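Going in written order, the chains are labelled A, B and C, and every chain counts its residues from 1.
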Amino acid sequence: MALEDYRADALRCTRCAYCKWIPFDLIKSWRFSKGCPSVEYNHFHSYSAGGRLVTALSLMDGRSTVTEAVKESVFKCQMCGNCDVTCKMCRYDMWPIEALHELRFRLVDQGHGLAQHQPVMKGFRSLSNMLNKPKSKRGDWAEGLDLKRLSKHKSKLLFHAGCQYSHDPDLREAVRNAAELLKKAGVDFAILGADESCCGGRAYHMGYKADYQAAAERNLKIWADAGVETVVTPCADCYHTFKRLYPESGSSVAVIHMVELIDRLLKQGKISFTKALPMRVTYHDPCYLGRQGEPYVAWKGKEKKIFGQAVVYDPPRPRYNGAKGVYQPPRDVLMAIPGLELVEMERNREAAWCCGAGGGVREAYPEYSMWTASERLEEAKSVGADALASACPWCEKNFADAATRNGTKIKIVDIIELVYQAL
Amino acid sequence: MAFSKEAYRELEDIVGERHISNDPAFLDSYAFQWLAELVRPNFSHYMPRPVAVIMPACTEEVQRIIKLCNKYRVKAKPISTGWYHWAAPLKEDEETLQIDLRRMNRILEIDERNRYAVVEPYVICAQLQAEVMKLGLNINIIGAGASTSIVASACAYAGMGPSSFWMGNNSDNLLGMEWVTPEGEIIRTGSLGSGNGWFCGEGPGPSVRGICRGWVGSRGGLGVYTKCAIKLAHWPGPTEYQVKGTLPGYRLPIQENFRVYTLAAPTWDAWADIYYKIYDNEIGYIFHRQYALAGADLGPALWLTYIDPEKTLNDVEEAVKRKDIQDLTEELRISFQFIMAGRSIREIELQDKILDQILKETGGWKVQRYCEKDMAEFTNTYMQRLGHKHMNFVWVGGYLGSWMQTGTPDWVKGYVPVAIKGLYRDAAGGNLVQCGGDALMGNGSSIAGGGNMGLEQFVSYDPADNASVAAGTQHMRDAIVDAVANGFPPGKEAMYLQVGESDEQIWNALRRTPQPLAFHFQRKIKEAFDPNNVGDRMYATLPSEGKP
Amino acid sequence: MDNKKEQLADIVGSRFVSDDPAVLDTYARDNSFVLPLKPWFVAQPGSVDEVQKLVAWANHSSTPLIPVSSGPPHFHGDTVPSAPGAVIVELSRMNRVLRIDRRNRMTWIEPGVTYGRLQPELVKEGLRLTTPLMPRPNKSVIASLLERQPTLIARYHYSFTEPLRSCGVVWGTGEMMYTGEAGSGPLSLEAQWSMGARHSDPKGPGATDYVRLLTGAQGSMGIVTWASVRCELIPAMRKLFFVPATTPESLIDFMHRLLRVRLGDEVILVNNTQLAYMLAHQADKVAALTKSLPPWLLIIGIGGRALFPEERVDEQQQDLVELAQTYGVRLASGIHGATTNEVYDLLLAPSREPYWKLSYKGACEQIFFLSTLDKSREFIDTVYHTARIHNYPESEIGVYIQPQHQGVAHHCEFNLPYDPRDFNEVSNIKQLFSKASEALVSGGAYFSRPYGIWADMMYSRDAQSTSALRKVKRIFDPNNVMNPGKLCF
């Protein structure tokens, strides 16, 4: 769809400001009632979904032009999707996050992409990762694990490590643990190693749709050639990209997050815990695994009116409102670890506060990114957690950086690591 | 002296460059307001642009900003949560500075023993309610819902809501408040001004607060309210608002000492009888006609679809054809939501007994389907926090209120048939949502303790469709004609329409009110407290004759 | 002067204008220590039209007007002229109960309607008004409400203007306006009634809040010519309970809880002296009675209205018993020296004659203000301490604490009887009154109704509000004809 396709949505926005908060029914305190990092940090209405819809309208109508302020208001947002959940609390006819994507695509197409994103995008195009790391090093994480390579072996199940796990030595242990765990459970899988490339999701969220599209096509071809039927990934960003974006590009590959697979293996008795981990852990729902991690539903249709003016879609449009994200598997896994006490932060599941890393924010606005992460760490501290666990390397990286910066003692852990330790 | 670069720089010095903007797109995000399209030329969704938007962090910054507005003769338009077309600048030829108070967002104090909380303008109802519930206390959340500013509803509006029946209006609950006048003076009302704390909003002697709330509330037209204390009520429920279920149909479990009912009456006369008996018997915690907002013809189909997360609005089309839904629709024609809370189990049981007797005496009934666990728990969620108030817009994103005016239940039941007939007629052409003639929603009470209430037609139109917008505007005009023809004053629609009218049109309307003297007094108040005319015309005045 | 008399006679009729020195003298002073000053005339208008003409005439002739609705004795100096040449606008002729509406529980009254007069009328309809504590029978209901006198049932006190709703007012400009819901209709009650308006909403016209300018104004803004007032159902069944205590602070948490959960109608805290003053018809009984009563007493009334009144009372009683146990206080249905019936009778009726506060020594100085309940002990100590300094016996200070605004604010009242014929006693009480008031104000007591010397004390603490009030006054009474010299005007 194009930005113009969301014009009616924008006109039907009533500036109710639900997009700035978590769902009101879930508010348990003043401190943790806010849902939109962007407007909390930057304050102007233009930094909320509602405000950005007006910006889109204003630009489309020629009432304003793309200034530095406009660019910042459009891109200084993690695209965490809280607005998309809260808007749909009361509205069936709005898709704000999709409109915001289209606004970014439009700005990038018009040459208004952020300068701060250019080095990353350059690396994405030439090195196939979002971290400007040598392509040849991508598979180094698997050294010594004796994992099947898709280039040599056909496999129905592909383990996709993702850019951050592949290239960040601090996170490498988690992904190695994941692979070992799968082996231990007797799962037959393969990896792409150095041939693995970025899913393209982060490029998409930054507004580079064509770049994303190229990545998607490349990956889908490799998968198809290798007979991949299912992709498992420990990265929430990759998960979302494969699960929600790739089907638009023709993918019919099943997608599963590593934590879902662990949950299944546990429940099937293929792995079990033998060690206790006596710690108080809180779980951070990654945006792309949680509220934006809902299964893709194909839809192509158009608006129609019933009862005179009520707006519906023909055929009915899927309702992505966060309800069907991957929420329970990580919790079940954590609760199954002996001695581990799982405590919930106030904002959880569809109402989780973003880690701050998404949408190109970590790359372009580090201060804001760190502030967003720090807010979440404060929330984790408020429930007395020893550790904050997540299921996304981007979240973990951002939290770890913020914790180091702030001197916060809370431990940032990958759920895979906890599982591995308890085996 | 007009708004200049120098003025901008001076404002920037107050708040820092991060907190002021004159970027056209940013300004458009403040000019764009719900309802604008109903009253603006060419169905424009934009009110006039402010010259800049500024975000102060404290009262002293507000004061300095207002003083600069006086210096540069720029209008000051404060908003807290900022909703409705009157939240924006009103006239193209009035340079207006939009003061966005969202950085003033702290709960300053909660005094549990003396039952009050002190808040800044951007504290919303849901936040304060969550905090005070931890202490077993509650606040009246106004009809516009959980997202609204307490300071705004208490200081600048009457602040009524579904719980006003028991908890009172926010204007009743207003204790001390801090007000930066349009001249930039800081006035602290009641006990606060004398340094005696926040607990009383009156006096000494006559209460200065008596001038603050104008004809339609002050609505940013008479300075800025920067803090207020609000009286808290008892909350006999859980200390955490622990909802269950899947969004959007979250469900708040019903405690043993609560009852959540939807009650119905065979006729509007019987409905009024039920009301008076509830009023006399002093039962009930929340009293509201909520679900009617979706229209009496479609309401049950909509709500039962809404609480099912698998469904979308498309499913309503099929649901209305179902026999059980059709039967329920008839059963719910004259209904309302009623929540009772007991300080003890024995008290709630007695309230129940009293309610049963009232229904027996009046021929009313409990609507079984809506009292079943799923709907009752959803109703509990909805009414206790009002976190779904934006359902007003569920059909298509545009809603306007017509008819809203308050009086006794007997008086209100008098305008119900006129309002129903009018909406059926105006929606017949298909340019308004055809949800039934009765989309009358309203609080069980417009004043503390009950006895006075109003119902408002929730008329849905498509803001993205000019024909529908035009029908909405026409409906408002029709409603005024209907009202006057039937001996009722114009309701909320007149207030909406006036935003788009010229000063002369408004003055003519005000002159025709039965007692225009009030507007002359408001003019004098404005002259005394706003000599440089920094506030806009939302604080409605009439010019001294011959001298507009 | 004679000319003025004629002009007044033209307005209200010669029968209703008086310059009889004896009559004037009754308005020249009251039971307070404000300086006496004789008015020039007393005029008794009989209609709204006459009131309006009087105010217009006052503006034209620069004559101060002092509205007086209640009969004597007066206590706070608000009806004593502060400016020479004043005319007392005595409103007792306007004494009609205009309407009682049982279904909507509203009554419309004129300013001359007194508690003694109104309550029996309401009883016929099964209604009553919550009243101040034992008001004198000739106390004007409207005056009491406008002065924000505390009423006995805090849970009905949703706002400080309760139960006052709409008013007809002739402002100091001479212009007539209706406030509240009535402000949105024509200037005719009959016309509005016929349209179905019942004036239960205090907001108005529109959403305006003009009634708050009339309350606490001591007649300085205008003259209220009628008011609509919300009534309550008379309980079909009632019970009264006592909670005796040796100190007031031991009752405060329990009171907070009662008020919070709205359990009970009347929730009143008094000391033994206060209750003795209320109960004792003869002065010589007071001392013994005081001694026999517990030092402090919380009085709790519960009532059953409308359906199932007995069960209502039972349920409240059981909740009350449980709550008392939780808070470790003793609930008594009687105490030595007073029965619950006796006390309930006092609470439900106007004062006996002569007015109860005068029956002990012939005069009574009153100090009252608002506070939160948790601070009340400090203020009690302040008054006791000041009394000791002035050799006023603590045992003669009646203390009355009345929750207001549903228990957020509390009216704290100290009654200090004295013999008005004893010069030394008068002089001492005058000093005590002044010193105690100063100490209370500096200690944080909020004199929201600043009569007499309290006005300067309060307004000097808040220059901005005072300036704002003066601006307001200039709008509604530009020539300062309405009770000039009071408050900050």
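As a convention for this text, contacts are C-beta pairs under 8 Å (C-beta built on N, C-alpha and C of every residue); 3 or more make two chains touch, one makes a residue touch a chain.
Here the structure is a predicted model, which means the values were calculated and not measured.
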Problem set entry | Chain nearest the global centroid, as defined over all protein CA atoms shown | B
Exercise. Where centres are the averaged C-alpha coordinates, which chain has the largest centre distance to chain C?
Worked result: A
Problem set entry | Inter-chain centre distance, chain B versus chain C - centres from mean C-alpha coordinates, in Å | 34
For this session: List the centre-to-centre spacing of chain A and chain C in whole Å, with centres computed as mean CA coordinates.
Result: 65
For this session: Indicate the residues of chain B shared as contacts by at least two other chains.
Result: none
Problem set entry | Residue numbers on chain C that touch chain B, as the complex places them | 103-106, 148, 156, 158-160, 162, 175-178, 181, 183-187, 195-198, 200-203, 205-218, 220-221, 230, 233, 256, 260-263, 305-308, 311-312, 315-316, 318-319, 322, 370-374, 405-409, 444-450, 455, 458-459, 461-462, 464-465, 467-469, 471-472, 474-476, 487-488
For this session: Write out the stretch or stretches of chain B touching chain A in their complex.
Result: 18-19, 21, 23-26, 28-30, 32-34, 37, 45-46, 53, 55, 81-83, 100, 102-103, 107, 123-124, 126-131, 134, 145-147, 240-241, 243, 246-248, 250, 252, 298, 309, 312-317, 381, 385-399, 427, 430-435, 460-465, 468
For this session: Provide the residue numbers of chain A that touch chain B in the complex, in ascending order.
Result: 7-8, 11-18, 21, 23-30, 33, 43-46, 50-51, 54-55, 57-59, 63-65, 67, 69-70, 73, 85, 88-94, 305-313, 316-317, 319, 321-323, 350
Exercise. In the complex formed with chain C, which residues of chain B make contact?
Worked result: 111, 113-116, 157-158, 168, 171-173, 175, 181, 185-191, 193-197, 199-217, 231, 233-234, 236, 276-277, 279-282, 343-344, 346-347, 350, 353-354, 357-358, 406-408, 410-411, 414, 446-449, 451-452, 487, 489, 513-515, 517-518, 521-522, 524-525, 528-529
